[in-house]
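There are two complexes below, and they share chain A, which is joined by chain B in the first and by chain C in the second.
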Partner chain A sequence: MDVTPRYLGAGSFLSRRDPRVLLLVPVLYLVAVAGIADLRAVLLCAVAALLYYRAAGIPWRGVRANWAFMLTFTTILVVVNSILTSTDTRAGGNSEVLFTIPVTHSAITWTTLSYAAAVFTRYVTLAMVGFPVAFNIAPSDLGVAFARLGLSQRLAYGVDLTFRFLPSTWASLHETIDAQRIRGYEHSRSRNPVKRLIALKPVVVPVTVNALIDAEDTVNAMDLRGFGGRHRTWMRELAFDRADVLILAGFCAVAAAMVAARFLGLTGAVWVP
Partner chain B sequence: MTALIEVRDASVRYLSTGQTALSSTALTVAAGELTLVCGPSGCGKSTLLRLVNGLIPYSYRAAVTGEVLVDGRPVAGRTIRDISTVVGTMLQDPRKQVVGTTVRSEIAFGPENLGLPRAEIRRRIIEVAERVGISHLLERATAGLSGGELQMVAFAGVLVMRPKVVVVDEPLANLDPAASLRLMREVRRFVDEGGAAVVVEHRVEEILEFQPSQVLYMEDGRTRYQGPVDGFLRMAPAGHVKLPFATLVARAGELPEVTPPPHHAAGESTPRLEYRGADLGYGARTVLSGVDLALGPRERVAVLGPNGAGKSTLLRAAVMLTAASRGEVLVDGAPIAERSILSLATTFGYVFQNPGQALFSATVGQELAFGPRNLGWSPEEIARESENVLRATLLDGEKDIMDRPPRTLSYGQQRRLTVALALAMRPRTLILDEPTAGQDLRTTTEFIGHALAAESVESVYFITHDVDLALTYAGRIIVVDQGRVVADASPAELARTEGLWSGAGLQETSLVRAVRDHLADAGSIPHPFDLARRLSQLARSNQTPQEGTTPS
Partner chain C sequence: MNADAATPRHSVWEISSRTVVFGAVGAALYAVLGLFSFLIPGTQSVVVRPAFALVPFFGKRFGVIAGFFVGFVGNAIIDLLQGSGLTYWNWSVANGLVGAFAGLIFAYLPPIRSEGVRLVVTAVGALVATALGLLFVITDIWVQGIDFSTFLTLNYGPALLSDGIAVVILTPALDALWEPLSKRTGR
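On to the complex of A and B.
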């Protein structure tokens, strides 16, 4: 498995944007869709998310596995939380039972299905606006983007370092697994989570200790190149252009409208056809 | 001329351990000087380096006496940031030094920290990238660079801050000779253009090629010699420092006796490890193609080649850490696919380069028991075997060794412990991956001696960048380059293959030249000390010079 950051959307409309836009849009979108139970309102937001995702130009082949994982995980989550347990029935109207789930005896109504669809759409569209953060921001732009959003220099560079050392830490993990496999180490097949955790010791201990030792060397290397001063120049210049401002304004408007609708009680109830 | 670095009667005691690492040391480095600092592991070289670049006392808690001046001003009271504009530091492992995700952002890191204007940073990046020949790499991700490229990028990241002095920690430790020497050529050029350099390195011979102005030789935290190269070559203990072969010949009378490790007589014909038209790699990535080799059950085989050429891939196939996508790999005549990784552990004991990757237990005893327990051995058998392997690796003399946490052992002892861990599973062949990287000659000799002398072990296959180590201890050398096996010969034959030494990441040493010039037979070669004695006697009897080379 390659854990090198993948800049899949290079050259697309979104990758030409100021990286701060790509970091702010998911936050605004989250504000917009949080707490909305009305499927129609979520679908309205989904249109904006879909357009945004299309603009990212992320090749399907590159993220097929990520989407497969995301959709599987979301489906399980929604089915368990919204259908099997029937947690939310905040609706009047049509509460006719369509069918009953055999083992859990949960009664499935239009309300249940509508709420499940709203939650599912909310999660999937959140992923749509989130994927460009992973695949449309050049790895070297992340640190400066966070710094310009007000994060401290050290924390912002920490983000850069995470991406820099992810591949080498992953390689170190594999090297350690290999070193232990030839001594007979195998992944535990026990169902007991404590036993499984203890069985990881031959891998986790060396990887952690080595990472700490390596980190000390890296911190020294950074100090020796003057890191940590009060004033730091970020070579990458960031400036919002008109398209950036329009995108942000658009998502701000969506967020504001949805928050207002929520306060007015227009989107809090589950929509039943 | 004002000295750029002046260390006056400095002593350093680490507060965490209470250990005095440096005693009454003096060093003066002026512009245009290249200083070589050498000595065995733990002699205080790294401490001196930390003193010069400001890490002591700012990052390491230590009591310092004496005085250290950088660019004419005492370091006391100055920040590392301030010192870093005068002293640039190259760490031993560039992978830990390079922090940028792309080459451009990596080189920009230092000037960004200094708060320089963007235009100035861009100008410096272009200037320094052209200087060290990495302009074509500027937009590349650092994670995808080769070891040699990474080292040049790290050096560019130091030069871009325009230091007056560069300190370089063991440039030859991690990379193939060709890549390391490219860096040293740049260091020499920096000095020739008015800078100064302090190079810390065990492998003295390779550095002498770059004409150091002075040598500081240290032992146990004290200066044993400081002065020109000639005097150093006359006093350096030959058993501790890797000296040019001509020096060994000149000092043949003082060389210590060496006991060659026992060698098992060949007899069986079925190869221990055989590759038949094998393509080896990881997943869809092929690293080595069309490998046809048969390694005998009683052979000592060295594998040489540049970083990333596929040396480790070749021998990892023996323990199924990589698989053949085409062709096949056989162990003792049977396809390896019929074996499990665990069952292979009793045939091959694979020792990884970094001991830290294996050590996880609370005590040495538990660490030694891990492998044998997985093989299903009884506690009595494990206890007996643990004692045997500790004796074989000379670790049994350490007080309460079985109850010691493995990480409290010295680095050299940890390396010997990893050999013990492999031996504890009673393998018939030992595979060593870079067994001596970054270690001094004495530790190297001890380590390889223990590995080769292990009683139950019939054969040893080892991967190395050290050409002289391969010539000295192997009966057969395989050279891997650009995904193929490019040479397979005895040490003497290989030394005579002249075309090989200009490529394949190898560097011709004075021992290679001596073997080529003075050994007529094609088999294995004697230990360099024995060869030097032999040539010296021959020279005396003929009254003609018989040296392999003379130091430059």
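On to the complex of A and C.
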């Protein structure tokens, strides 16, 4: 199943927006939810994230593998760090101990569970505002979007090229795995990480070397076309429309409100129902 | 005159078409191959990501900027696809710094004729670059609100162990294969 970035949300409300909006919203949202321990505040932000994700119109079947990985990884992370161990927990205060984890002896209170739920919701909503960057920006718009955000023209073009190379690299990887299987390659089942790494050489090395050899042609083509000249222009002209400004203003307001609430000490404490 | 003397020398900070294309190819490779990782048995969260070996390799072969680009953009795309978004932006910077340090270390090392010695130096240089670059995740103390002990035992230590295994095994292997090809193209 292909999990690389694709233009899945074509035609949706978000894909019609200026691509800079889709790049700036995750930054503003991260500022808004960073360091919030109060579940109610995170849920308030989650409403904005959910509406934003719905506007992206990304078909479920196209991203279910990404969501499956994200939810599995996040669940393990939160359960291990915030419930089973005390790596990322908050003190229980006077909360009643509901039960104790047998091996780690961690006392589980309503505070523990509320904080774990806040962290889990924070991670899931960050994915909601992050996925449109991968699936709602037309590949040809990425370079100009980064350039107009102030990144060097050459590096902006590099980001553009990276996203264009992803599908061919993914295809090349699968071709190489199939070709090596015909030659008798089998994925290592060893529990020894060194043996498993060595067993991956027949896949990693040819994929990398083939990509590098093909890249020489791209370098020559770009040199022949005078890449790197002082006055680079882009085919696409970007301009914010009213909807873009409203979306950015909305997320700026959410970020400003949450930062203010954090400084006033309103969202730093864990909410216990 | 040996092959190394004939190789044109460029500034390590130069951003040419070569830097841009190889940086982009490397970031795409890192993003795709980086989706394959496996857990070290007996640990809770130490994951070996074989593709990490590409970061110091690109730093060594294509310079500081390309190395940083591969680590930073490649890791950011992996995070994007796995749903982490910008949560771990400092880890992307740390990945980029590994590539940049590799570029700096190998730019100032003299050419080595013996293949065996070159492979050992590549492995050691890549490991040093990894150790230095990953130190940036100390910012987790402010970003994630963890203490120094957690940074050392749960973040930096396991990451250095898992990425160190990958770079020591795979970076010299990639470099050994690219050496004759780079001489053939005169780069």
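The definition used in the following text is that the second predicted complex is superposed on the first by the 259 of 273 C-alpha atoms of A that agree within 3 Å, B and C clash if a C-alpha of one lies under 4 Å from a C-alpha of the other, contacts with A are read in each partner's own complex, and residues count from 1 in each chain.
Note that in this section contacts are C-beta pairs under 8 Å (C-beta built on N, C-alpha and C of every residue); 3 or more make two chains touch, one makes a residue touch a chain.
Please read these numbers as outputs of a predicted model, since none were measured by experiment.
Applying the stated contact rule after C-alpha superposition, one finds that A:K201 touches each of chain B and chain C. Contacts of A:P193 after superposition on the shared chain: chain C is touched, whereas chain B is not.
By the touch criterion stated above, A:L161 is placed in contact with chain B and with chain C alike. Judged by the touch definition given at the top, the superposed model places A:L149 against neither chain B nor chain C.
Of the two partner chains placed around the shared chain by superposition, chain C is the only one that A:L30 touches, whereas chain B remains out of contact. With both structures placed on the common chain, the touch criterion links A:V209 to chain B and to chain C. Applying the stated contact rule after C-alpha superposition, one finds that A:M222 touches each of chain B and chain C. By the touch criterion defined above, A:Q180 lies against chain B but remains apart from chain C after alignment on the C-alpha atoms of chain A.
Taking chain A as the reference chain, the count of touched residues is higher for C when chain B and chain C are set side by side.
When the two structures are aligned on the shared chain, A:T169 is found in touch with chain C, with no touch to chain B. Shared interface residues of chain A, touching chain B in one complex and chain C in the other, are 4-5, 161, 163-164, 201, 204-205, 209, 213-214, 218-219, 222-223, 227-228. Taken together, the chain A residues at the contact with chain B in this complex read 4-5, 139-140, 160-161, 163-164, 167-168, 172, 175-176, 178-185, 201-206, 209-210, 213-214, 217-229, 231-237.
The residues of chain B lying in touch with chain A in their complex are 53-55, 58-59, 80-81, 84-85, 88-89, 91, 93, 95-102, 104-105, 108-118, 121-122, 141-144, 157-158, 161, 316, 319, 321, 341-342, 344-345, 348, 350, 352, 354, 356-360, 370-371, 373-375, 407, 421, 425. Note for the complex: chain A touches chain C at residues 3-5, 26-27, 30, 34-35, 66-67, 69-71, 73-74, 77, 80, 87-88, 123-124, 126-127, 129-131, 133-134, 152, 154-155, 157-159, 161-166, 169-170, 173, 191, 193-194, 196-198, 200-201, 204-205, 207-209, 211-216, 218-219, 222-223, 227-228. The touching residues of chain C, when paired with chain A in their complex, are 15-25, 27-29, 31-33, 35-36, 38, 40-41, 44-45, 48, 50-51, 53-54, 57, 69, 73-74, 77, 79-87, 89, 143-146, 150, 154, 162, 165-166, 169-170, 173-174, 177-178, 181, 185, 187.
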